[in-house]
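Both complexes below contain subunit A, partnered by subunit B and then by subunit C.
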Partner chain A sequence: MNALQSIGTGLGMALFGWLLQTTISGVTRKVIARIQKRRGPVWYQNFRDIMKLLNKRSVTHGWAFDFGLLVALAGAIGTAMFMPVAGIVAFKGFDNFFMIIYLAALGVFGRALSSGSSGNPLATIGVMRGLTQNIGYKVPYMLLVIALISYYRTSSISEIVELQRVSGWSVLVMPLGFVVAFISLHGMLGKKPFDTYLAPAEIASGPLVEYGGKQLGILMIAHELSVFIEVSLFVNLFLGGGATLPEFLLKYAFIYILSSSLGAVMGRFRIEQVVRFYYKVPIALTIVQILMLAVMRGGVR
Partner chain B sequence: MNIIHLILGLFLAGIAAYGIGRLKPAAASWLTLAASWAALLILFLGGDTLAGGNAWGLLAFKMTPLGWFFSMTLLFVYSTNTFFNLSVPAAPTRQAAYPMLYLISLASTIGVFSAENWLALFIFWEIVLWSSTFMIGFGKPGRGSIIYFGMSLLGSFMMLFAILVMGTAYQTFEVKGALMAAAQSPGPALLVFLLMLFSAMVKLGITPFHIWMPEAYHEAPDHFAPVLAGGLSKLGAFTALMVTSFLPASTLMAQPWQVRGLPLLTYILLTVSAVSIVIGTLMAIKQEDAKKLLAYSSVANSGYIMIGMLMGTPMSVSGALVHLLAHALATTVTFMVMAAVARQTGTTRMDELGGLLHRMPITFLAFLTAILSLVGLPPMLGFVSKWLILQSLASQGLFLVAAAAIFGSIGSLLYAFRILSTVFLGQLKPKHRQVREAPAVLLIPLLLLSGVTLVLGIYPYGLVQYTAKIENSLGFADTVQITGLSIQGNNGNLNALLIMGAFAIGFLIALGIFLKAPKSRKVDLMDTYTGGEFIYSPELYSYSTNFFAPLERVYAGLPEISRLYEALANRVRDLGTLVQYLFFSPLPSRTALLISVVTILLIWGEAI
Partner chain C sequence: MPKKERPSRFHPVSHTMQTVEVPTEKISPQEQAEAWEKIAHYFRANSLWMLNYCTGCCAIELPLVMTSQYDMERLGMMPMATPRQADILLVTGYASLKTLRRLIYTYEQMGTPKYVVAFGPCAVNGGIYHDAYAVLNRLDLYLPVDLYIAGCMPKPEAVMNGFKRLIELIESGQATGWKDYERRFDWYKSNQLEAVGEVYIHDEFHE
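Entry: the complex of A and B
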């Protein structure tokens, strides 16, 4: 595959990811509405919102406010370009787990930079909470994935998917790890009880407080893309990705809607409760899981 | 031109700077600039084949790839920092001494990296220590330089002891030869290994020897702190790498215990480095002063360097070397930015700053580059090194250490955002409305260093290739591999250019969407959503003190190592009091008793 073709595939992947996640979050809004005995909006409401916002006049708080947003979206698009979905991968051999995590983190940093420069302390508090939450869920999650990488002897996501086709899904290799990773994903997605960094009633949606118009529109696109990255990473790493597109979509929709529905019926943690929570049970389970792996060692290769 | 000329020239320039500084201080600063840039040029053009030499048959010098890499790193830090010497004058009485010490310490670092003889290396090491101690003392009043000197002295004693042990046991002081001799015959090799490594850990600021770092960095003059942080602590990495590669722990105690294919000793030292990462991170998160925060981040980053060197695989050592350079560049920029901020506003306390991005945009961009590199995000150099180190950890399956590395990596996002947010983002304080961008002479080094960080982050291949050469010269069986534009890891490849390309494409798309959408109106920083409150005072409308309070509450009970040192100091003081009470008493009877005991011991001591 030549370079242009790869870039085209990558861009196609990013576009696909955005369309997919925006649709699914629309559907999820409907599902949650039914859980809460409401009618809910139409499934394409999120597309409507984004288009409307991109065409509205808005205010800005300076160049860093806009620049940070661009970095956020660029990080999300760049990361999504590397994501393997159903056997299609744009840059074969370079879909490296560490790279994806760090490039995605650049997007997060851009978002933090942008909302921090708005001058609203509520935004800064929100970012502070978001980062604190980050240090909670990322440590067990990354540790598990490192165990997985050391088990499969590769950090390429598409290769891990391939190997799972041979040896069964990783959820069978590390069942406890799967549970922990799902709890981490729940925090990553910011679903209740881990939506402390948004907390609309308390800190006015935290990092989002100052956004409107095209800035909010860009932020929503970046958000949908990063949710796509998080969920498809999870599906690829633990549920064997998918040989075909429908299989992948099914797993993807199941995981996202499950997490959102769980979020719909829970209350909210305080931020230090989030950290305490993650550093008790999930870390303990992770260590047990790694010890179990070490005992029945061997690996695939 | 050989190394001796270079070192001697810098020494003489230092002495000349003192004389000139007595007459005309500004000229002395210009001399430091000219001399250090000339030295950088000579070393750069000479490459690692720069001729060595032998002075009076006593001091032999030879440039090795490793020595060249370290010398270039330090020289670059030193010479870029000379611009700050121009702009930020030291206190009047020290105007002559500072340029002299600056150049002498620079000359001595080159001496450390090229000496062929352990004793010569030690002498240069000590000159660096002494001169930097005085330069730290030129800053804020406090115990910083004393703690620095005390801790470093501990390291120096350990090093000297190790050198003398090697000298007596193996009859040689040759740097490489003595270590190789030790690797061959067990004897006191373990002692040498530990002492050398401990002395390196003192310099690198690894827990539990890190306490000097925050104090010294905080109190050092703002225009010297970049060199101290970015340059001098790297001396430790040099000796540590020499020891771990010529005298690897695997030859010392391969048996009986091993953890994941590594000797137990290595595993313990790895754990110590991991603890260093965790402690550095946790302490950095809760500092109120920007310079102290950065100092603790150095503690954490030294942990990564140490881990890379201790693992001793080609990839991890490459990671350590790249991280060393990345950290040197980035931390120098961050301290320089703090010096610039302190110069323009008069403080480095984070709660007194804020919103400076609207006043010092170029400084802010340099700072952003450096901070991204410190956190290890692409497309900066710090990402390449973090990637290499994490890859090595994953393939070795060292989960405990990996957990610490991840924790430090995510934690660095926290403190990096804290310093960025409280200094540059948020509300601009009314008293800083008149603050201007730092003068051009200070922006030159900032842009130079952050530019190198960015360029090497996008195109790290030459650098990684050079680390392979270093590994070759250190006697590694195989080295880190690069094919085309991808760095081959044990379980994955890295193509930094591709990552940058994907990011750039994403950025262009984002920019397209942004420009296509209607233009937005610029509003004042105070024009924000407040939930119906009326706000008038920007000073009160910011969030900076106790930034991560909820997280700090989680680990509030963490014991501090400095307490232990204080307790130890108190015990020593008590012992001194006891000795004073016993032997230096005004009572004649006690003196008489003492004299008789000594006399008895002198006469019959042999028999007893």
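Entry: the complex of A and C
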């Protein structure tokens, strides 16, 4: 596969990820509406929202405001290009876990730069809370994934998916770890109770406070892409990816709708409660899981 | 009675050739923009994010419209947190001398296209507050109102009906209050200045 073909596949993957996630978040809005005894919008409502925003005029708050936004979008597209989905890998040999985490940080910091430079104090509070929460959920998640990588002796995601096909999904290998990773994913997606950094009633949607029109549209596209990256990383690492596309889509939709539905029935933590929670329960569970894994492996060999 | 000429194999009806004007010129950029506007109107009408500026008592009717009983999200409408993200400014009730300044600030922060929906008779002529010392009686002197919803207060059914009417207006391109505000900016500004003296909002806690 030559370079041009790889780039084409990668861009196709990013487009597929955006279409998939925008559709599924529209379906999820409907599911949440049913949980709240409502009817909810049509399933393509998020496409309409994005198109409306791209057709709306807005103001800018300086070049860093726009530049950070483009960095966020480019980071999200660039990361989605490396994501293996149902056996399709755009860049063979580069679908490494650390590669994806490294590139995904670009999107986060692009967004932080952009909304920080808007000059609104609520945006600054939101960015600060978002990065604090990032420190909160990243510690148990990274500990867990490093344990997983040392168990499988590889950090290539497509190889981990292949190994899971042989020896069963990672959920069976580390059940406690699955719970921890799901809690971390919940924080990554910013669902309640971990939506402290958005908090529309409290800090007026935090980092998004100064966005409107085209900028908000681009931000929504970048957000859908980063959700695609987070959820499909989770599905690949813990649920055995998917041999075929329908299998992958089923797992993907299940995980995202489960997380959103849990978010629909919960309240909101304060930011110090978020960090305290993450440093207590998931880290303790991770350490127990790693010890269990070590004992099991020691016993087997 | 004249004999009706029927088309047959032997007496074919003679057709006169009509020349059809084929447009030779390309579509001008303005026409392209207008064509795109029509598509954009569909998206604008079906994804309305609103900012509740709850100035008066009519705001109490909104929770029922938002939640499970009437559920305005099925029309694609959602409440938003800040004016930058919003498309509709809901003025739920009267505008007083103090709130009008904030209303103008909020309205001018919103990105175009933007729409104003006014609730109840207070926004039309002052309603039951028409002789109060701090209430401004006519809202459309100061902001371009696209839709009024009648009732004191309007029932949730009336609010839903009003929103559907607003969607129709936007889809057909008739909700052009924001264009009017741009065109007659001086007129609106002079009215605003006449009513409230100055539009600048003083920081009453720190000055």
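We take it that the second predicted complex is superposed on the first by the 297 of 301 C-alpha atoms of A that agree within 3 Å, B and C clash if a C-alpha of one lies under 4 Å from a C-alpha of the other, contacts with A are read in each partner's own complex, and residues count from 1 in each chain.
Here, contacts are C-beta pairs under 8 Å (C-beta built on N, C-alpha and C of every residue); 3 or more make two chains touch, one makes a residue touch a chain.
Keep in mind the model is a prediction, meaning the values are calculated, not measured.
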Subject >> Partner chain(s) touched by A:200 [first = subunit B, second = subunit C, both, neither] >> reply: second
Original post:
Between subunit B (first) and subunit C (second), which does A:39 come into contact with in this model arrangement: first, second, both, or neither?
Top reply: second
Original post:
In the superposed arrangement, does A:8 touch subunit B (first), subunit C (second), both or neither?
Top reply: neither
**OP:** Please indicate which partner A:175 is in contact with in the superposed arrangement: first for subunit B, second for subunit C, both, or neither.
**Re:** neither
Original post:
Is A:210 contacted by the first partner subunit B, the second partner subunit C, both or neither?
Top reply: both
Subject >> Touching partner for A:117 - first (subunit B), second (subunit C), both, neither >> reply: first
Original post:
Which holds for A:57: it touches subunit B only (first), subunit C only (second), both, or neither?
Top reply: both
Original post:
A:246 contacts which: subunit B (first), subunit C (second), both, neither?
Top reply: neither
Original post:
Which residues would you name on subunit A as touching subunit B in one complex and subunit C in the other?
Top reply: 55-59, 204, 209-210, 213
Original post:
For subunit B, which residues are in contact with subunit A within the complex?
Top reply: 355, 357-358, 361, 364, 368, 372, 375-378, 383, 386-387, 390-391, 393-397, 399, 402-403, 406-407, 410-411, 413-414, 417-418, 420-421, 424-427, 486, 489, 491-495, 498-499, 501-507, 509-511, 513-514, 516-523, 525-529, 531, 541-543, 547-548, 550-551, 553-554
Subject >> In the complex with subunit C, residue positions of subunit A that touch it >> reply: 29, 33, 36-42, 45, 48-49, 51-52, 55-59, 200-201, 204-205, 208-213, 216
Original post:
Where on subunit C is subunit A touching in the complex?
Top reply: 40, 43-44, 46-47, 67-68, 71, 73-76, 80-87, 110-113
Original post:
In their shared complex, at which residues does subunit A touch subunit B?
Top reply: 7, 10-11, 14, 54-64, 66, 69-71, 73-79, 81-82, 91, 93-94, 96-99, 102-103, 105-106, 108-109, 112-113, 116-122, 124-125, 127-129, 131-132, 134-135, 138-139, 142-143, 146-147, 149-150, 153-156, 204, 209-210, 213-215, 217-218, 221, 270-272, 275-276, 279, 290
